[in-house]
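The following blocks contain the structures, represented as structure tokens.
The same chain A turns up in both complexes below, where it pairs with chain B and then with chain C.
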Partner chain A sequence: MSWTSTVRDRSVEAFPPDRLLPDQQPVYVASWIYVFGVLTIASFLVVLATGSLLAIKGPMWWHTSDLGHYVNSLHLWSVELFMAFMVVHLWAKFFMAAWRGRRAMTWITGAVCFLASIGTAFTGYLVQQNLDSQWISTQAKDGLDSVGVGAYFNVMDFGQMLMWHIALLPAAIGVVILLHVLLVRRRGVVPPLPARAGGDP
Partner chain B sequence: MAAVDLNGPGNYVHWGVVQISVANLVVILLMLVVFALALLLPFPGRRRDR
Partner chain C sequence: MSRAVHEESWVGGYRDYDLVKEFVAALVAVTLLTVGLAFVFGSPDVHQITLAQWSNASPSDFLATAATELDRTSGSATYGAPYTHDPSAAQKLGPITPQNWPGVTKPVDTVNDFVVMPLRAVPGDTQLTQALGTWDATSPGQRDSWAKGYDSALQTASGDPAKVASGSYGPVPVLLGQLLRLAQSGGLDGALLEQGRFYMTDYTKPLLFLADGTYLEDKARAEHLGGDQWGMMNETGNYPGQPWLWLYTFWYQVKPFSTSDNADALVWGLMMLLTAGFVLVPFLPGIRSLPRYLRVYRLIWRDYYRSVEGSRQLRS
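And then the complex of A and B:
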């Protein structure tokens, strides 16, 4: 048996088509509190699209032209929504103990996505090329040096921070989001907590 | 003319050891409001006869 057929068989076994792309969800999913995951992903797509435009056109464009300012602002505000939706999603999943029912890895990938997003937002602030980024980088430098990582993660190195911001961290977040969604498909959306101990949900 | 004048020092709330900018506080409060509304508002199309 070749490795390709092994991967294919295991993939189909783990993700049958009707589970991978379902057209129905349990009745408890019909609540606004369940929409914040997909709102986070929608915001992430806008972040990626506006960030790609900024990368293509370059700093002279986003600093000097009206359209550049506009796309730069779209990038900021889509990030604001991305982080806000993700945190509301986190609150909702925390209070419904969403790691129940063999969903620990779903919870963990969400937590990793949150931490990676903080790193991406931080490096984004560092590459604004304004007084804010000077202030934040010089303050962060002392903190990071004091814990011994300054030699490897130098917040005063614009090129290094730009690469973390536009290549490594977004790629990591994209992969983690994909894993997270696949795990939600595999285990299903977590049901609400029972109304009382031992009762039906 | 901007809705909020940003050409000056930021406004901060001081509460014991807690110090937070008014902007961040407003964002957090808005998120709490959105969280509460998501729990309370009826979802369109949801059947009540289950």
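And then the complex of A and C:
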């Protein structure tokens, strides 16, 4: 059996079409709180789109153009929405104890996504090239330096921070979100507490 | 109509759920919300501070800072790793000093990087050339003595070089005076960034120099960005900033962190521990059981419980 056919067979086995994209959900999936997961993904796409628009003309554009400044505002508010939706989603999953039934990795990927998003937003402030960037970088360096991280992750190096902000961290978030969604599809939506099976992980 | 039957333990009913429709609706809603918020509120952009702006707006603060760079008493000169070789300057996290572990990876020599080297690039100034010649021909001990003496006298004179008491300062007054003129002309901004290169994106040195003075901090505090003003989660103007950093910022507001010389290391150590706990919630006894006691899930799944409990009542 070839590597290709092995990967294909295992993928189809793990994610048959009706599991990957189901058109039915258990009856308990009936609350507005479930919308915050998809709102988070939707706002992530808006963040990527507005960030890409900023990237087209480079980091100086939004300081010198009204249109650029508006695109920067779009980027800022899409990030605020993205983080707000994700925080509500995380709290909701905590209150549901959503790690039950072999879903610990689903929680972990969600938590890692939140942490990577904090890092991405933080590096965004560092590359704004204004007073915020100057102050935040010179203050944040002390925390990072105090634990040895600043020796490699230099918040005062604009070039390094720009690469992390527009390439490495967004890519990491994208990968983690993909894993998270696949895990949700693989394990399904966690059932209400009394109907649990398998106990706590 | 197909049905996903993988919800472990779930043997109850299913209902139609259009994921794609939900996603498209969410995408449209978020896009419209973003467009509206951006249109109504915009975004802040308080201009950056240049060394030229600083030295023109507050020459006394600039000179006082430059004097501490020359006598190696500034924040940058005494910082330790990763900028200077002084293991005793590192913050401590209990018995360990992780700040020292990587060593000096971004070496900064405040005397030469911030003062002497930029001045060497100034052409055609005989007085400056003579001052630099005197500086070079003198022992390090004598240089420190001149620099410290002038720094002290300048502080006594409230940063005004015209009021500095006469004394043995060697070429220091000339060097610092010329550095002020270079900064006011805009030449120091480029000199600190270039460091012998054409293309450059690393602002470590100009930012360290700028942060050693009080001008940047005064500007930041006026924008409620100070460390004791919850500054790490704020941004300029009345904007949300980074509220998700509230817990990290919180520790800096309370003792023992707010009064500790090792505040950064302590807060970062604590936050790394809490972050690990957050990621590993499913495996932490007690914490993972909290949702059962908080009973917020009863609100989330209220329709389900109403249905189940209604069925039981009917059966009984």
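Keep in mind that, in the parts below, the second predicted complex is superposed on the first by the 193 of 201 C-alpha atoms of A that agree within 3 Å, B and C clash if a C-alpha of one lies under 4 Å from a C-alpha of the other, contacts with A are read in each partner's own complex, and residues count from 1 in each chain.
Note that contacts are C-beta pairs under 8 Å (C-beta built on N, C-alpha and C of every residue); 3 or more make two chains touch, one makes a residue touch a chain.
A quick note: this is a predicted structure, and the numbers were derived from the prediction, not measured.
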Task = Please work out whether A:V88 is in contact with chain B alone, chain C alone, both, or neither, and reply first, second, both or neither.
result = first
Query = Where does A:A104 make contact in the superposed view: on chain B (first), on chain C (second), on both, or on neither?
reply = second
Query = Can A:A30 be said to touch chain B (first), chain C (second), both, or neither?
reply = both
Ask   = Touching A:P191 in the superposition: chain B (first), chain C (second), both, neither?
value = second
Ask   = In the superposed arrangement, which partner chain does A:Q139 touch: chain B (first), chain C (second), both, or neither?
value = second
Ask   = Can A:I56 be said to touch chain B (first), chain C (second), both, or neither?
value = neither
Partner chain(s) touched by A:M1 [first = chain B, second = chain C, both, neither] = neither
Query = Considering each complex separately, which residues of chain A are in contact with chain B in the first and with chain C in the second?
reply = 27, 30-31, 33, 35, 80, 87, 92
Task = Would you pull the chain B residues touching chain A in the complex into a rising list?
result = 27, 30-31, 34-35, 37-39, 41, 43, 45-47, 50
Ask   = Taking the complex as given, what residues does chain C use to touch chain A?
value = 1-4, 6-10, 12-20, 22-23, 26-27, 29-31, 33-35, 37-39, 41-49, 79, 81-82, 90-91, 93, 98-103, 105-106, 201-204, 207-208, 210-211, 216, 219-220, 223, 225, 227, 231-232, 235-236, 239-240, 242-245, 262, 264-265, 267-269, 272, 275, 278-283, 288-292, 294, 296-297, 300-305, 307
Request  = Enumerate the contact residues on chain A facing chain B in the complex.
outcome  = 27, 30-33, 35-36, 80, 84, 87-88, 91-92
Key: Touch list for chain A against partner chain C, complex   = 17-19, 21-31, 33, 35, 38-39, 41-43, 45-46, 50, 62-63, 69-70, 72-78, 80-81, 83, 87, 92, 94-97, 99, 101-104, 107-108, 111-112, 115, 118, 121-122, 125, 128-140, 142-148, 150-152, 154, 156-160, 162, 186-189, 191-193, 195-198, 200-201
